[in-house]
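Both complexes below contain chain A, partnered by chain B and then by chain C.
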Partner chain A sequence: MSGFQRVVSKDTAEKFYLKVALEFENPDTRIDSVQFRALVSKALHQLYGETGASIPVDILRFQDDTMEAILRVSGRSLVKVWSALTLLGEYAQEECAIRVTQVSPHLLALAVDSRHFFQNLPS
Partner chain B sequence: MVRIKNRYFLCELVFEDAIWRALAVNNQHLYNAVKDAVRQIHGDYGAAAIAWGLNVKYLNPDTGVMMIRVRRQNQKILSTTLPFIKSVASFPVTMRTLHISGTIRSCQKFLVKYNRRQLVVLLRQCRTKEERQKVRESIRRCTLEQEEEEFGDGALEDT
Partner chain C sequence: MHVHRTTTTVPVFQYINNNREFGKMDTCDLHLLGNSDENALKLSLQCAARLGYGVVAIGYNCPVQEKQGGDKNKVKLPNAPAAVKLDGQTKAAVGVQSKGFKQLSRVNMVLSEGSETHKLRQDNIQSYDLLAVQPTTEKMFHMACTKLEIDIVCVDMTEKLPFYFKRVAINAAIERGLYFEIPYAPAIRDSTMRKNVLSNAMALITLCRGKNVIITSQATKPLEIRGPHDVANLGLLFGLSEQEAKNAVSTNCRAVLYHAATRRNTIKSVMSLQQIGDLSGKDRWKVKAGQEACGMSIQEGGDPTEDEGSGVVAQSLEGSEGRAKTSKRRKSKSKRNSVDEQSAMKRTRQDSAGVD
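Entry: the complex of A and B
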């Protein structure tokens, strides 16, 4: 195993990848990927109006069981998407929160999470 | 201390029917129309950003020209919203941004010039001799009294 490689990007990155986790106050609530897309769109529309709703956000993956998702946004709209997700408090009359766990200009960086590093180590 | 910088937007309200002008326009109606449009286009963020310092400074019900003040850092929010305003007090309307400037004074200067140019347009639209005579008269007067003019609507008062 070659260990970690450090990658430094000097310019503004074209795309950013966000790993987000969705939490509902009622832990039994579940939503699917289509509803999650609507939720992201609603969050953007709420905070930034129609200009915000027109920001392209790609959902690369949505895991139904953990309700974790990986989003791809362009670098110029990262801050808007991030803030809109953070300020979302309610979806379909259910109180919810979105935790942005990781943000990176490289998708590969989301594969490794130092928070779960020790858990994933092979014994 | 740095002074608060403002931007003044000079806009023209174009109504489908000119009669609605006098009925519809009111500073409060315009303020609400602008605020609602900003909320729709730029959401909570835009509405909150623009709320501080938004003001309808001047309104001429005869010509449908108005002036809105915003803080300079938020001028983009307002300038992108103005074309999306579709109605004021439930009267369908379109907005034309005539001029943007940093002081009321320069807005006024522009308005005087603009109104003078509009008189020439009016002259072309005249049908009867009487009308033509009236417009000619006001053009003559506003060109002669150039030095004394201080107020933007002074040039158009007699039309």
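Entry: the complex of A and C
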């Protein structure tokens, strides 16, 4: 292994990775990964109908305790998935909000959050 | 009165001052509903601060006046309420991001007839940072776009509009530097509103070609607020291009703030007056230079507690687009002040005070 390998991706990115956090009105509400998948598909269905629900969204990771998830979508459908998640306001008769913390074409980039970089520094 | 001309650029508004230092564009949410209860408002503000907004305006609706009430029980618009205090945790979170968080107040006037426009001339309105008008008829929409001295035109997008947007009116509004507001929180609340907001927003954006649009929340609860990047992405859904969508939460909002500042704090958009006591240290030279220009003796030390401290410095705002009509009374009062207290009046050129 000799040093670094440089990777240049031209054109639009094939896949996008989203790091999202789910919030409920009642902070004690918890859902599991299966319910989260249903929630994402409901969000897509309510904004884009059947065609939206057919967009493949991979849930790479879902953390039960913090309700944070990493999603993978194709670059073409990023705007659709993102806006569907933004406009979701309610799940299972409870108000909720999905906060998209990071969006990146590289999964590795989600390891560090430049938007909250200063917040995460150890003091 | 001697008026001296120089070509120095002087920052006029405090807001611009702050922004220059950070060199980063603040994102704004120019409409949180302020008529809801105080606790919810506080939570919403904290949520907005954490999500990374730099400027948030709290909208208050003007109280509706009963027709038969007469002058006795005239409902008066209260003065702009003070900024809500945030808790330490939020302040700390905002602090380490090295960005400020600014709260503004805004007043919404629902108008349907031309005869109601006298409400815009109330004195208390000047105490609010932003002035928005919600026209309910086509005539009023046209009037708001072409004639009224306001900052934001916010049509109620949650219902099917009783009129179509007209290109003439919208072009006039763009020319005059007014901005149209698109709310997104109603789209989160329920499905019918979502349909209406989407269709109205798309209709508006096709007509104004993506210019002069701001996207605001109109949220009552923290759960209805979304982060600035999410909102910019929603702009794509409304039919804006990527850059226009970003502008709708940052640059355009800033332009609204400039427009409002020009409307409120200036005399005919040409001069602004400021108490010498309020001047920051680096602007003190203006007083001195002004006194020299007027041929007055220069007081050594420049002690702000002396009579000089209540003087007024005027700054010109050439190149600014907003045209503010200041009442004659106010103008003459400020003139009297400045003459009485022997303040130095000085005119400087503001190259970039205008709306970008």
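Rule of thumb we're sticking to: the second predicted complex is superposed on the first by the 104 of 123 C-alpha atoms of A that agree within 3 Å, B and C clash if a C-alpha of one lies under 4 Å from a C-alpha of the other, contacts with A are read in each partner's own complex, and residues count from 1 in each chain.
Keep in mind that, in the parts below, contacts are C-beta pairs under 8 Å (C-beta built on N, C-alpha and C of every residue); 3 or more make two chains touch, one makes a residue touch a chain.
Keep in mind that what you see is a predicted model, and the values were worked out from it rather than measured.
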Applying the touch criterion given at the start, work out whether A:Gln46 contacts chain B, chain C, both or neither, answering first, second, both or neither. both
Chain B or chain C: which reaches more residues on chain A? C
Would you check which partner chain A:Phe4 touches, where first means chain B only, second means chain C only, and both and neither mean what they say? neither
Intersection of chain A residues contacting chain B with those contacting chain C? 46-47
Touch list for chain B against partner chain A, complex: 38-46, 80
Looking at the complex, which residues from chain A come into contact with chain B? 45-52
Chain A contact footprint on chain C (complex, rising order): 51-52, 93, 96-98, 184, 187-191, 194, 221, 223-227, 229-231, 233-234, 236-237
In their complex, what parts of chain A are in touch with chain C? 23, 25, 46-47, 79, 82-83, 86-89, 95-97, 99-100, 103, 115-116, 118-119, 121
